[in-house]
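Heads up: the structure comes next, in structure tokens.
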Amino acid sequence: MTGPKIIFYILAFSTILFSLLSVFDRRILRAAIYLLFVLVAIAGLFYMMNFQFLAAVQLMLYAGGIVVLIIFSILLTSQINSKLDAPKLMQLVAASLTALFGIGISLYTILPYVFTPSEAPALEVNMRNIGLSLLSTGDQGYVLPFEVISILLLAALVGIIFIAKRSRT
Amino acid sequence: MNPLLLLLFIPILTMAGIVIVTDLKWVRVISAIGMSAQLLFSFVLLYWFYQQRGAGNTDPMLFVSSTMWYESFNIQWKFGIDGISMAMILLTSIVTFAGIFVSWQVENLQKEFFISLILLATGVYGFFISIDLFTMFLFYEVAVIPMYLLIGIWGTGPKEYSAMKLTLMLMGGSALLLVGMLGIYFNSAPEGGQLTFDLLEIKRVGIPLSAQLFFFPFTFIGFGVLGALFPFHTWSPDGHASAPTAVSMLHAGVLMKLGGYGAFRVAMYLMPEAAHELAWIFIILTSISVVYGAFGAIWQKDLKYINAYSSVSHCGLVLFALLMMNETATTGAILQMISHGLMTALFFALIGMIYGRTHTRMIHEMGGLMKVIPFLSVLYVIAGLASLGLPGLSGFVAEMTIFVGAFQHSDTFHRIATIVAISSIVITAVYILRVVGTLLLGPLKNDHYLHLQDATWFEKVGGVTLVIAIAAIGMAPLWLSNLIREPLTAILQTLTN
Amino acid sequence: MNLQAEIPLHYMIVLSTLLFFIGLVGVLIRRNLITMLMGIELMLNAVNINFVAFNHYLYPHRLEGHFFALIVMAIAAAEAAIAIALIINIYRKFSTVNVDDVDELKY
Amino acid sequence: MNWDTLYILRQEILLTVLILIQLIGDLSEDEKRKSIIHVTLFSFLLFTLLGFLPGEPASLFGGMYVSDDLRTLLKNILSISTLIILLQSSSWLQKPDNQTKIGAFYLSLFSTLMGMYFMIAAGNFLMLYLGLELATLPLTLLAAFDKQLRRSAEAGVKLLMSSAVSSAVLLFGLSMIYGVYGTFYFTELSVLSDSSYLSVLALIFFIAGLAFKLSLVPFHLWTADVYEGAPLSVTSYFSVVSKGAALFTLMLVLYRVFATQNATWSLALNILAITTMVVGNLFALRQKNMKRFLAFSSITQAGFMMLGFMNGGSLGMTTLVYFMLIYAVSNLAIFGVLAIVSNTTSKENMDDFNGFYKTNPGLSLIMLVSLFSLAGIPPVAGFFGKFFLFTAAASSGLYILVFIAVLNATLSLYYYLLVVKAMFINTNDTPIPTLHTTLYEKAAFALCLMGVAVIGFMSSLYNYIQSLM
Amino acid sequence: MDYSFTLLIVLLPLAGFALLGLFHDRLKPMVAGTLGTLNLLIITLLSYYTAFSYFTQGNGESGYTAIKAFNVLWLSFTDSLQIQLGILLDPLSVMMLVVITTVSLMVHIYSLGYMKGEKGFQRYYAFLSLFTFSMLGLVVATNIFQMYIFWELVGVSSYLLIGFYYERPSAVAASKKAFIVTRFADLGFLLGILLLSFYTHTFDFTTLTSMDGVAISNPPTAIFLGMSVTTWAMLLIFMGGAGKSAMFPLHIWLPDAMEGPTPVSALIHAATMVVAGVYLVARLFPVYALSSPDSLEVIAYVGSFTSLFAAIIACTQLDIKRVLAFSTLSQIGYMMVALGVSGYGGEEGLGYMAALFHLFTHAFFKALLFLGAGSVIHAVHSNLMTDMGGLRKFMPITHITFLIACLTIAGIPPLSGFFSKDEILVAAFEHNKIIFAVQWLVAGITAFYMFRLYFNIFWNRTPHFHHTPHESPALMTFPLLFLAIASVLAGFVPFHELVTSDGKAFHTALHWMIAIPSVLIAFVGIGVAALFYLKPNILPEKMTHSMKGMYSLVYHKFYIDELYLFITHQLIFNFISRPVAWFDRQIVDGTMNFIGEATVYGSNVINKMQSGHIQWYIWFFTSGVLLLAFLLLYLN
């Protein structure tokens, strides 16, 4: 057992565990917290794979943004300690079967596939390269998505304000 | 310009005129003028047709013109007529003309009524002059769909149900037809080359046998539904029963002929080998339909149902004769289409007129009408006699041509089928005479009917036009028979080879 | 840190697949709209693991997977925000965030 | 960056400007809001016209953004449809209740339109996904725009939840595509070919994501609820523009990127076409609410569209575009009538249309013609569209599929005729009163009717589309 | 000689029909009647002229030749099968022209008086013209299809005339019955035509009957169900003839047809139309005799049976017109027997000649009987014998002429009936003794029932009349006198020189050995009738009482009508038509409706799919995706 392996197993195990907990725990606030753990674990995975920037974004955006948002909305809409209704049995069975079926199909298809890694030399993942790509208009340039996302965020913002604000009537 | 296009433009102009005019009184006048012009023009066209033939033009189709429309599909506006189409055009213009006069008194939504009616006629004209399968199909559906509104809005009884059933069944038929057509299209160039919808071109190249066997039933049944092929005929009784007078006339008189015409022009003409191989199935069906329709008619109590079943029987005879695939029988089939078109139109016109007076169509509720409305009654008797094949009226000519033609088939199976079909003439006599006896003759059943008015002038115009046409064909059939036969020789040569 | 030697790609894929379908189960069984949203976030994260893993293991010469994951995150954020807005809207109208009660439109 | 780039991006830029105008306009006082509508409409008209300027094929941003005549045409179809919807929605927005919505409505609408533009113009799956989300997320908000209505809120959340899952599935597929091919660029993907199980699975997941937007059965369940709940203008936007964008995108991706996997996707779409037509029809025939009714009708129509995919060549593509155009004008005309009725009387049920012809002959006739066009009855345009779709399917020898489709077309005629029946045949003691149509609405109808009446006879249009393939 | 004027013989009645038909409500009744009668007078004169010229041109070695005075193509089926409308003049048709026009003229004149004041007088004359036209067209037909055309027209004119009193339900029913029964027979006729023409490739009579024509020189020998197709064809054609001539079992329409005005019965149902069957067989006689003798045998038996059968029924009927109707049946049976027992050519063709001779004489005396009966009915306003009696005092002319007619039909020499019946009996005797015996017996029965009729009308008791009966007007008695004279004299026409099977004359003489017994049995018949009916007595009642079951069977015409009613109403209507109508509505249409209902049902079943629950939607979506993937991956 090497270090990375151990770390990976820990991360993977906690991802799965907490995600399951997050899905099945009937206390909603706890579920949100478990979600946070999953997100952090995934950030760890990203970090392991050398994508430090992405891991940071994951932490900031998800852990810092989305989970907070979710918790706020939980506070707005539910009693903190209230337990949710247990899932209906039929629903649970159907969902689990579907999920198992899906996992089966996916893994049965993906695992036998022989991936051919690219021969080209790896690009160093650092802030400089990321920054350059993000603002480049050429090949492998991501300025357009970057701009488009801003419009998406703008539209979402305006729309959310409109929806969320109380009608004057 | 191709003179045939006038056949489309005159109705379109008439419709435009109806739309423009503001005073409702003028609507029917404009329609009448338009359809009279159309009738007149049909005869002019007949004259030109003879002129061209007389000048030695032996092309299979006359007045042919073609304009490319959808180039990538090779769809063309291609028009032309031969003797058969010419005859059908004459039929259409006569029936439409009569139909306009019969509908003289439509009060409710007059404009819309006449526009729909003329639109229907336009579709029919377009169908008969088309050489291109695509435009043929287009006009076919144009002709079918106004029926829904015509029955639904101006009909009687369970009109919505009937209108829906009729439309759906006919459209179901055209579903089959569409598959058949596409099959023909994609097999129109088996050796490679340009696919085409052009009937003449497809015929020239020929469709491979395997494709024929697959698509012939689609095409034939597709048209057969409109031609009231057993067991796809049940839209007909309900539809006719609910339709307003002029619509029944046009529908049974002209629209149902699209079925027979199409079955011949498309299914059998383009797929002769398959027609030969599969004919026996349809001969059985059509022989059943001939006898079955007649027996069905005996038991009916509603005038329109009687006539609808009689139409099933008579139209069955059309398809039956077509399937015999010889010159005489086919001539008879076309004659029968025309004859049935005229007399059934007359029937429906009269039924409408009688219904307008007595407000019932149940034969047992009426009786002795001859005494109070002799003019209409006499016309009814004439129609009945035509229907049961009395010499001197058109029905005889058509039926005898069919029977003689069908009997020329030396195969025992065909002979027996023919005998079965012939036996319908007795059954026809039974139900016709039963109606005449119950409805028109005998003592007057209801004293209220004493004050009934006999035919008005417009009813007379409508009825007499049809009677004249029926009698003219019945007394001097040779010209019509020759008109029809002339293109058949060539067509049937290719059918039998 | 070079993972290829230590942890095969398949481990990552199995992980992400499991996560994806666990998230799906969450969406399917939790009757609170907010917890459903959490399930969706899990699914998106699973996809992100895939992107990143493929990028790292197979195609490290370009950063396509990386950027895709980045964009997905941004969109997930927007989506979450919109979802919360709509859920609050629902809460106002229905006084509940239980999906079973939000079924006035049907058949 | 140079002038050429700006010229190519003219529509996107103008759209951004329009969005910004809304931001500014929202600051103005309530009384002046109405004028924003006129300003927006005229600038949108300008925007639409700009789309018709000729342009050279180009690939910008390293292949992220692709522009050619075909894509320009597809965008133009969407912008014309949007223009019609905007014209039709003007009187809805002018109602006092809705004046606060104007800015947000336009802004969201334009951003979704821009998203669709990027879906079509995408040269890379990243852009495609981004465009898809840009087109979806604001739409979920739009669905919830009738804030006083419970059903609108419900529609919004239903759409969001299901589309989030669908886009997750799509992403899952994309991630597999990335794993197999190692790139998101269309130009690179189109030359790579791989028919492994994994690529099939990836393709199915991807198709499912778009099929969700197209509302093919079994991915359609959101459709009816959202259509019913959303404001009418948004519903018509869903059924025409959003669906069109999804169709075009699917078409471009399958034909241009996964052309080598033709066998896979045509089989998948074959199955989806049958289920969609059948289920859509079965649901449509018992609907009483016009919006739900049209939802299922549009599901069925989407099923018909799938027939176009059965031909892998230019015939299929041309037919798809052509049919979409016809579908758009026909459907929009119907929605226009519904919008007028709904705005004035809030009536949305089929029964409410009983006797409609007596009071509103013009509108009824527009409905009639458009319904016939949807049903594929000649001589209106729908007939041609449908006929060519059938031809496309038959060209691959799929006659049974064609037969099923035509039978379904017949069945669909049944329920279109139910509407016709309501308007023309049924009587009503309290019919909808005679309604007034504004100039904008008239203009919208004029555009639709022109399309419905003329497109079928204009073979040049078809030829033009074909020349772009 | 140019006979093209004969076209007028056919066209004039048509013109008369068109004129009277179109303007029937514009013309005064008497004007219409007079116009019609004058028209017919011209026609009659024309046909007399034709007959005169035709027969006086002499029959050379080869006998009388057939002349096609006129022939025009009317409809062409194939190159060889074409319908032509034309006029064929040969002894047979010329003879028929004379008979038809004469009787028709008499009926026209008679009707001026008889129908006076009837509603629809103009219509009546129009129909009469139509009938005359059709009948003339029938007899001059040049080909079998032309004959079929006019055959149908004759049928319809008969229909119209029987149903002349269209407000009377019984008349309507009778006309319908007549038409349908004959139509059924015509079905056979048509099939026969088709069969015959298929093998011989012609409709033309001249070709069919010529000795070197296909039909005779090389008849088709194909066998179908044990009979040669020629026999099939000829029997089917005879079926048509049997229908029109009311041979058993197709006779049921004729008694009912008496619902028509009496002059019509005289014209159509006694003298002309009903003998069309005889005419048809005579027309095709060479084919029958030379190619299909079997069918002639059938004809003989059918004729013989019918004559006996009808004669027996006639003895019991009370309606005087019905008695006459059954007598007509019986007499036509004689004619059929004569044809059936005949051979072809010379002496062999005696039966042929006898049949036509009897047709000729029968036309006159039977028309006379009917017109006389009409005169009686006119006077007492009843059809029933029980309402009559002792009328000789009131109606002398009618009485005398009626007596002459009765004597003629009974075969008392030297009246015409004696001669023609004698020839028939001779022919039958030479051919088949059993048939001869039957016919001989029938002669006696005939005498009996005719005099039963005669005595009951003119002698017997005198019932109480509401109005004192008086002799009919001159317009009615003139035809009676004319026909009486014709009945007396017609026997002296040298038929064996004029109308023979091969057109050549042959010699014939009175056969005393047969004539004497037949006259004797006639006298016996008359005697018995006198015993029973000359004076009112109880003998008839006793008689009927003693044979009650038998009597009632016969009185009810052996329940044949009831059998038909059962077959048509019970079997065809209830067991075919009704089930067909039911099947069509329930099964065929039901299937169509079922498709619709099944669709709606399907729609309701999948209703729950749209449950409104988001999670269900999402589940459906995902399982849909997975299923689709599964299908494509592992089932493809």
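Order of writing sets the chain letters: A, B, C, D and E. Residues in each chain are counted from 1.
As a working rule, a residue touches a chain if its C-beta (ideal position, glycine included) is under 8 Å from a C-beta of that chain, and two chains touch if they have at least 3 such contacts.
The structure displayed is predicted, hence computed values, not measured ones.
> Any chains in contact with both chain D and chain E?
Where chain D and chain E share a partner, that partner set is A, B, C.
> Measuring between mean CA coordinates, which chain is farthest from chain D?
Greatest centre separation from chain D goes to chain E.
> So which chain is farthest from chain C, going by the mean of the CA atoms in each chain?
E
> Centre of all protein Cα atoms: which chain's centre is nearest to it?
Chain nearest the centroid of all protein C-alpha atoms: B.
> Return the distance between the CA-based centres of chain A and chain B, expressed in whole Å.
So the centroids are 70 Å from each other.
> How big is the gap, in whole Å, between where the Cα atoms of chain A centre and where those of chain C centre?
5
> Go ahead and note the Å separation of the Cα centroids belonging to chain C and chain E.
97
> If you average the CA atoms of chain B and of chain D, how many Å lie between those two points?
Centres of chain B and chain D (C-alpha means) sit 42 Å apart.
> Which chain A residues reach two or more other chains?
91, 94-95, 98, 102, 105-106, 109-110, 115, 118, 140, 142, 145, 149, 152, 156, 159-160, 163
> Where in chain C do residues touch at least two different other chains?
20, 23-24, 27-29, 31, 36-37, 55, 58-59, 62, 64, 67, 71, 75, 78, 82, 85-87, 89, 102-106
> Name the residues of chain B that each touch 2 or more other chains.
Within chain B, residues 168 contact more than one other chain.
> Would you please name all pairs of chains that touch?
After working through each pair, the chains in contact turn out to be A-C, A-D, A-E, B-D, B-E, C-D, C-E, D-E.
> Inside the complex, what are the residues of chain E that reach chain D?
Touch list, chain E to chain D: 599-600, 602-604, 606-607, 609-610, 612, 614, 616-618, 620-625, 628-629, 631-633, 636.
> Could you pull out which chain C residues touch chain E in their complex?
So the residues of chain C touching chain E come out as 24, 27-29, 31, 36, 99-100, 102-107.
> Give the list of chain C residues in touch with chain D in this complex.
These residues of chain C touch chain D: 16, 20, 23-24, 27, 33, 36-37, 40, 43-44, 46-47, 50-51, 54-55, 58-59, 62, 64-65, 67-68, 71-72, 75, 78-79, 82-83, 85-87, 89-90, 92-94, 102-106.
> Can you check the complex and tell me which residues of chain D touch chain E?
So the residues of chain D touching chain E come out as 157-158, 161-162, 165-166, 169, 197, 200-201, 204-205, 208, 212, 217-219, 221-222, 224-225, 264, 267-268, 271-272, 279, 282-283, 285-286, 411.
> Which residues of chain D touch chain A once you look at their complex with the stated criterion?
1, 16, 19, 23, 60-65, 97, 100-101, 103-104, 107-108, 111-112, 114-115, 118, 126-127, 130-131, 133-134, 137-138, 141-142, 144-145, 147-148, 156, 176, 179-180, 182, 196-198, 201
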